[in-house]
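One chain, chain A, links the two complexes that follow: it is found with chain B in the first and with chain C in the second.
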Partner chain A sequence: MLPCNYACNTADHATTRRAFLGAGLGATAALGADGFANPVHAAELKKAQKRVLVIFLEGGVSQLETWDPKPNTDTGGPFKSIATSVPGTRVCELLPLAAKQMHRIALVRSLNSQTDDHGVGHNVMLTGRKMEPGIVYPHLGAVAARLLNSNANALPGHIRIVPKGGSGFNGADATFLGPKFASVGLGDGKPPADLFRPANLTPTEDEQRDAFRKRLDERFAKSRKSAATDAYTESFTQAERVVKQAEVFDISKEPEKVADKYGRHDFGRHMLLARRLLEAGVTYVKVSHSNYDTHHENFDFHIEQLAEFDKPFSALLDDLADRGMLDSTLVVVMSEMGRTPKINDRYGRDHWGRAWSVALAGAGIKGGAVVGKTNATGTAVTGREVWTGHLFHTYLQAVGLDSTKNFYPNERPVPIADPKTAAISEVLA
Partner chain B sequence: MPEFSRSLAAVALLALAGPARPADPLHARIDKHIAAGYGANAKQVAPRSGDDEFLRRAYLDLIGTTPTVAELNEFLADSAKDKRAKLVDKLLASPGHARRMAWHFDVMLMERGADAKVPRAAWEAYLLAAFTENKPYDVLVRELLSADGADPKTRPAAKFFLDRNLEPHAVTKDIGRIFLGRNMQCAQCHDHPTIDDYKQADYYGIQAFLNRSFLFPNANAPAAVIAEKAEGDVSFMSVFDKNKKLNSTAPRMPGGKPVEEPKAEKGKEYKVAPAKDVKPVPTHSRRERLAGAVTSTENKAFARNIVNRMWAMMMGRGIVHPVDLDHGNNPPSHPELLNELAAEFVAHKYDLRWLVREIALSDSYQRSSESRPGLDDPSADRYLVAIMKPLTAEQFAYAAMQATGHTDAERAALGAKGTEQQLDALLAPRMGPFRGMLGRGVDPTADAFTATLDQTLFVKYGSAVRTLLTPRAGNLTDRLNKITNPDAVADELFAAVLSRRPTADERKDVADALKTTTDRGKTINELVWALVASAEFRFNH
Partner chain C sequence: MIPPPRAIFDPTTARVERELKHARPLIGCRFDPSGRFLFVSAEDDSVQRFDLLTGAKTSLAGHDSWVRAMAFVAPAAAPAPLDSVAWQQVRAASQALVGFGAAVLPAPKPVPFTLVTADYHGKLIWWQGDSDAPKPLKTVAAHDGYARAVAVSPDGTTVASCGNDQKVKLWKAADGSAIRTLDGHESHVYNLAFHPDGTRLVSCDLKGVVKDWNLKTGKSARDLDAKVLTKYDPTFMADIGGARGMAFKYDGTAFAVCGITNVSNAFAGVGNPLAVVFDWDSGKAKSFKPKDAFQGTMWGVHFHPGGAVIGAGGGGQGRVWFWKGDDPASIHTLNVPTNARDLALSTDGARFAVAGANGTAYVYNFTGVGGPPPTPPKK
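Here is the complex of A and B:
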């Protein structure tokens, strides 16, 4: 048998609140707020509110049909490349609108994410680490919500918009950062039902009963007060603030013309909702676009999918720029992996993590930059290979965070980003 | 000893708070130990709880719900000196106590994991039956650790193993945590770096009881049972060991001696030999020795763990805290008390009901949760003030149904011949959403209470709570709608939801609300909601 199979896949091994209580610290090791022994410097948090939007092309988008075309080669497929707003940089012809935005976009064409698996790829792209035994790292959204969320924001800091399914709180993606930073999932963009005041309860009645509750709680707290009772009463204040902003989830409040710009389809609506949420102060929004897992008919599927992607993506960059938000909003287009340069016998491309591309724009990003290279047929990285950890550092530094610091769950240092990697300075403004 | 000198001795004992004597009932000895730990804070000890405070606490802790208005009134009116002890005995003898213990042990043993091979209904019925007959704890644990799932009658007891898929590390870790109070997870791969007491060899000593066991016919079969081979040893090496030395151990409890293993004659290793589609049965079963080894009186951690866990259930905090980190560097807050509880529990034949009763009768349990002025942040491990415990999902569900009179209405609908079992059958299905929301995503080993946005919205707007507020014959909003006098409304409201009388200020608030309203029914609904959503209701104080 193996000496150790490391089946302990809870975070206990290194990082739960309680894990190293044995360090002679006693049962009530002093922790800062949220378990941070060394809270990130307050000044850093006071910076202008920064936000992150991740557009996740689910299933594994082809780098060859997007950011790293190889026309007229064995692997290039039928599409041409086109010029962009950045002289010398060409992208696939399936992205005509994004091409005009290229001066705002930086490309990383040399990502080796070291996995060809959907689940693992999703995880490594969002945590910036290889999956390790004994610890589960928080997702980028939870990290951003934890480090960027200002207290002025009542709305959840971490929202995922997924194509379909139910809506709910408490995604399992915050791990040791705690449930406060776990994602709220919006299936088809719909918010969880309990977020809205029931029809038979008027705002006045709601206020009256809450005022009565508050009076009770204040009296109770005079002689019976604990961190737990405080947390409970405070949670009603937060809920109230969120409920008051429930309209931000309703894209019917947007003018028709704007909705048209984003496109009258699910992904268009979801991108418009993302913009509304970011504008309302949500720190991190992830929008998924499904599905790029094109083992068959890769080219037909990419024509369809990318047409659906290109328009709202371009509209959103314009919209953010027009509203003065692009400088403070990092936009990342990623996927769980790329697709094989080799075209299979079903005109498909298969899973591929060895040499593919990610696009970045907005906050802290040097528009027009292109980093890294693949060879002529796209089968290998030939210059400036980067890993998911490099990207993770880059995302955080782009929004003004020091990604080389640690989290301190239960006083144990856990690096925010993989210390074996560093930010890709060439794409940072 | 002549009578007068005995009473003199008793007086002297009280005056000096001298050492506890074995002749005292356990609850008196509990108080001696706790009082000895007050130290410089003795003057800040909270007074004895008020009758209403005690009543609500005892109901929640012992039967998992709050009292009816009639029960509150009856208790407050009772002038008997021993009415608290009588109440404790009444509650412990009621079916509600078995239900509460079944809830508690379900969460303790299964930690709200998803149900897999043993359906929830069968498991809950098994626990309920066990606590109805007050099955001794050692007997219960022997059943849990020895059932192989083959006999339909005892299959529910195998849930501990079967629903963990008999995964070697999951069951080793959880045997350590849940039955021995030792979270030895780190010892899976190396001696614990910071806890000297947790050795890798201890971890594998537990695992060696189970390393030959496997699920038959396979782990994916919903009806899988536990089978065992006759051979195979655990082997392990420390990830810190540069020489990569491979170690092994015979089955044994942490710190204990290896169990003796009879050597089966060659060729006679099996009663039923392994073959295709045949469940093998070894001549000597390692797994069958596990239950005995865990529950042996030589394994001191067994009784020590459960008395500590029951103490934590009642008092809001373990003497060893957290309850699964019992080791030398995390000493108990009251070591002598812990030893005495464990020894007495064994002497009383692992009688959980007796143990809960003794704790409930102690002054330490019956302290008020109200801090004296100036005592802002009392150290929780001194028990100067009763610790406020958040209601569990089950307690919250049942208390909300009682508070809003839903339970009263169901009881009335059943009529005089209705039984508690019939009532439970009506109430239990409503627990689902509460469990799903208030019990979900909670790390059962974490000591911090969290109130997430979704949980609060559930209380605020969720239909599970809201439907309880709709008037229906005999429920609280219905009763309040029929009361005209505002003071009487306030009295009934506070008695029903918070199990106490309203203060003068609170009566005035209620009267003002009713005076200014244009829709009395709606205002009453709002008032009931406000009390149910209050911190006072959310916590067992």
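Here is the complex of A and C:
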């Protein structure tokens, strides 16, 4: 088992939240002398705390049926484009509500993610790096949790809401940042099963049991501490945090009107839960919407899936704005790839990473900006090609972080974001 | 020498009579009531008219989205269909008699008819289908979203359409004015067809719910179950299915819907083609499956006047399947060189056509004469 020498726990190497707040936000003054403890400024701190929400459209959403329509061309398919709240910017008719939010959204229409593979695409989009032998880069969620998270936060900093399946701790996505920043997965938005104390166990018995476990852990760690034991221990810490704020996970606490705005289907519930988690101080939430891998009947399936996406996405932007959170919450709509401009004989579109789109909104983003261009049929980028590394820099700089710094796992410098790329300044406010 | 009509319908005599090419993949196809024209719709938003007598191709421009649905308003008593192959032979013979360079025998004037087409944007267009250069006569914003199917009542007075707004709508065929809306479906309505007696209309939605509408009351008289043609794929979290084709038997004793069943992977289209044939009186359903283990969707189904059920479809390849009478075991299969996205049958049953994803409409006859049966495409 690997030793557990994680990145940047030393003062020299740390990019701390406090440093970020001072340098990136200029918000320290508003937080009082101790930076965090002044109750007068608690609300301001809540607003200033940067957060990231990634909406991940699983399977590879079609850029032509979303952000970069090419109506009435050989590749355009049957749908038309519609006007948006930004004059001159048009999106596919399947996003009528998102179109009204375009003044809050920046589009990058020239992404070349250089892969047509689901697994690789997922990885490069969330790490901003090509996969390399010898090193596994942490996902955006772990990076955000590491660099933005407050130690005082009672909830895990990195949460994934997935459409189904089990829930659990220690997603394999923090790598050298350590298990503290690994994701907690919520299958169907539900906290992990068996998290709460069984009814037949008294609180005292539970405490005694936990104390005994901790003693054993500590004794074991003295001689055989490893990444695996750390992960194991951390999962209990994360579980404790979740249990303490169990109400956050209960969206029935939301007014009916709000739930209606998000939509009563699974994805609507998951997006509403995401907002609750962000509001409760979770630094990074990834919500997945399944599925867009439409090799067959691309158009019918995009009608179905995007109708489910459009309403909660629009509701979320309104909700964040109404709560004063949009300026401090970066919202990214991404996928592991786009879909081929060519329509296959089954009315499908296949895997495509060469020229597709990502949408950003909220913290640090210049709403209404459109960066990059594809040709008339969407088969190639014709201007301002960007890679996943450019996006990764952009995400971090949008929330005020210096993405050109390093992590130091095993005292070896590892750039936080790919140094061959830089932020897309045109979308940054 | 033109072989005499065969007394007994024999699907093994199906041969490719002609291949009609277009530059873009085709979506739908229909013969006009006289059988002179084949109309095809394509991924370039156009409808193309092929004159089977003269070979002329005419483009109908007016839609700004894909068209799959086409139907015809024709005189009550349509004249007997022309034998386009025989006529071409007569023309060639007359040209040979008068010599090369002489004026060719002019084609007879087509029988007048109106064409109604429907598109992905919910728009219906009326055309004078037989004119030299058909132009839109009337455009109706019929549905909020994709207008998936259109049909004309047997008396030619009413046009019915359906779409993703979950509605079935009736229009006056003469002027496109609205008659009534039939509400009741709870998912996208994929197809519809009039009963030959004109008093009833059936429609089928994405979830396989078939509604039998009483056109006098505007109410659904009964629901029939075609759920075998639909599935919620839990892996991809989406619904797949619906009636991709729908047709009544000429005597009104049965109707068929077709699509995909046994779906194991909705997003790759992994499933089997299927036609479900309903007995009209009892509402009992019978599944008509291809004999071969083919993966894909059945995109079109028709009842041949000779009593057979014909289905066409495709996955990676294309097929036409034949079933005889009430026997649900297919008796004959034709390989089509491309995914067959729709099936058209001429009124007299002499020809059928498939709309190819490769941009070619393949027209078949049952003479046993013509191109050799297509060879199966390489896997």
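Following the convention adopted for this analysis, the second predicted complex is superposed on the first by the 334 of 429 C-alpha atoms of A that agree within 3 Å, B and C clash if a C-alpha of one lies under 4 Å from a C-alpha of the other, contacts with A are read in each partner's own complex, and residues count from 1 in each chain.
In this text, contacts are C-beta pairs under 8 Å (C-beta built on N, C-alpha and C of every residue); 3 or more make two chains touch, one makes a residue touch a chain.
Predicted, not measured: the structure shown is a model, and the values here were computed from it.
J.: Looking at A:Val242, would you say it contacts chain B, chain C, both, or neither? Reply first, second, both or neither.
T.: Once the two structures are laid over each other on A, A:Val242 reaches chain B alone.
J.: Is A:Lys80 in contact with chain B, with chain C, with both, or with neither (first, second, both, neither)?
T.: Second partner only.
J.: Does chain C touch more residues of chain A than chain B does, or is it the other way round?
T.: B
J.: Of the partners chain B and chain C, which touch A:Gly378 in the superposed model: first, second, both, neither?
T.: Neither: A:Gly378 stays clear of chain B and chain C.
J.: Report for A:Pro192: first if it touches chain B alone, second if chain C alone, otherwise both or neither.
T.: Only chain B; A:Pro192 stays clear of chain C.
J.: Looking at the overlay, does A:Arg215 come into contact with chain B only (first), chain C only (second), both, or neither?
T.: A:Arg215: touches chain B, not chain C.
J.: Between chain B (first) and chain C (second), which, if any, makes contact with A:Thr294: first, second, both or neither?
T.: In the superposition, A:Thr294 contacts chain C only.
J.: Can A:Gly338 be said to touch chain B (first), chain C (second), both, or neither?
T.: The answer is neither, since A:Gly338 touches no partner chain.
J.: Have a look at where A:Gly268 lands relative to chain B and chain C in the superposition and call it first, second, both or neither.
T.: After superposing on A, A:Gly268 lies clear of both chain B and chain C.
J.: Touching residues of chain A toward chain B in the complex: what are they?
T.: 1, 3-8, 10, 12-13, 16-24, 26-27, 134, 156, 168-170, 172, 178-180, 182, 184, 192, 194-198, 201, 205, 208-210, 212-213, 215-217, 219-221, 223-229, 231-236, 238-239, 242-243
J.: Enumerate the contact residues on chain A facing chain C in the complex.
T.: Contacts found on chain A: 59, 71-72, 74, 77-80, 163-164, 266, 290-291, 293-297, 299-301, 303-305, 343, 345-346, 348.
J.: Could you please specify the touching residues of chain C with respect to chain A in the complex?
T.: 24-25, 43-45, 64-66, 119-121, 145-146, 164, 188, 234-240, 266-269, 296-297, 314-316, 338-339, 357-358
J.: Considering only the defined contacts, which chain B positions touch chain A in the complex?
T.: 167-170, 173, 183, 185-186, 188-189, 192-195, 198, 235-237, 239, 244, 246, 321-322, 325, 327, 329-330, 369-371, 381, 388, 390, 440-441, 443, 445-458, 460-463, 466, 503, 505-506, 509, 513, 522-523, 526-527, 529-531, 533-536, 538-539, 541
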